[in-house]
């Protein structure tokens, strides 16, 4: 065990964990939204509350960066990681919102696969956050996110092929494509978070 | 008042103000483009000129960064802010261009609301630029841009709902969606500018 | 001639050249994909192999950044340039993939113009990489990429106008728009690479 002499503020790590935990909740709400029996307006309402809570965590992070003299790593990186986590939430919120807004009644079952990828991304991102403190075990997290992103990419293309198979009316294709792309955007946003974590660990190592 | 001993080059601030003022002009041209009585080809022509003028300001910034020994803040940040302001202009130019290109005759009146958000973003961004010199009053600017971005987001989703309401032919939906998304892209680009300004002020404070 | 006393690792430059050369190959495969007589499944298969090879080069770069004590320029910049080159490949791969996936039989001849822009971007990017070592001749590269990006932008808008001219069924417009946008995305990704190179040269000069 190494002693740490720098008077770092431990609660940055807590706030990153909190932000990532909001994403676990958001991904679960997205899964609920896809269920045929869910009350979509109600799920969307809870998603909005979750998104506001995530915003509040991000604002706390920014305020702490502004008011803390010694930060555990570069201010810009704390800022980038905070924004990156926030972007994931925004994309998941958008997906939920579009499902409600477009009044899509029948969602292709393939979408559930994408949401499972998102749930897994959220879980391992939340699990990785405490690792920031010791900069350990982050390589495996980064590799797994990249694997999930590839899986998501394959799902995405398979779903697009289905949308264009002739089974759907053109206007429905347009709607579903937006929803499907916001799911893919959320997965990409998780990958960006992993890339920022990787960059931080490269700098600090 | 604090003395500033660093021999900084004041004209960086002038160039940022100039770049932001181009955006005020661009947003006004966009508003003109939406007017039913405007000569669209003529407005698009003036937009192109405004976009070239904005490019010229950006190039001056880059050249000055390359030839100045001591810059008022990090070179990369000057570069990022210059590119960020330029990106807004590109998005507004794209919106104007698409309106002309797609020969859309009837634009939903809701688009005017988005352009008003853009005009307000441009105004407060231009007003914030001189504040870079003393790093003051920038928090309020950042908060207001974020509020405007949220408002723009709500407008955007309302417009999408209207596009998919069945009132428009599918091919028209496709065209209008592109235009509406470039407006939203311009608002997002303003938010990115505000985030860069925030990051600069975090570093410098 | 200046002596270089820093014990820099020359092979970073080799890896950047290798990454850029993958892009030359990728752009050529894209050109082959557009040919009416090509076996599209076979070209897509070779594109996938090229994309994996490019990934491997990126991973080598990252590993080397992690294991090298003195790097020729900032670790973050090496990382950003590596990711930037990788992003171009991803966009070209997406274009090839969509052409196969959407089973588009007739591609508008205007797409060939965009692919020629991409081939030219790839060539001059590959030619510029060795220049990173002496930070010379990079201005001309940057200016030429920006010129190509403008040309690509004009092509792009011309193609969009054609797609919406009434000649194509709406569902075909949707498919072709995706393909055309991934080509434009690849050109934009080349511009981003040039911007990163420019930023590196600004820092190092």
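Which chain is which? They are A, B and C, in the order written, and residues in each are numbered from 1.
Convention: a contact is a pair of C-beta atoms (placed from the backbone, for glycine too) under 8 Å apart; a residue touches a chain by one contact, two chains touch by 3 or more.
Every value quoted in this text rests on a predicted model; they were computed, and no experiment measured them.
Novice: Same or different: do the copies chain B and chain C touch each other through matching residue numbers, with over half of them shared?
Specialist: different
Novice: Upon optimal superposition of chain A on chain B over Cα atoms, what rotation angle is obtained, reported to the nearest 5 degrees?
Specialist: 120
Novice: Starting from the mean Cα coordinates of chain B and chain C, work out the distance between those two points in Å.
Specialist: 27
Novice: Where in chain B do residues touch two or more other chains at once?
Specialist: In chain B, the residues touching two or more other chains are 170, 174.
Novice: In the complex formed with chain C, which residues of chain A make contact?
Specialist: Checking each residue of chain A against chain C gives 157, 160-161, 164, 170, 173-174, 177, 195, 198-199, 202-203, 205.
Novice: Give the list of chain A residues in touch with chain B in this complex.
Specialist: 62, 65-66, 75-76, 79, 83, 97-98, 101-102, 170-171, 174-175, 178
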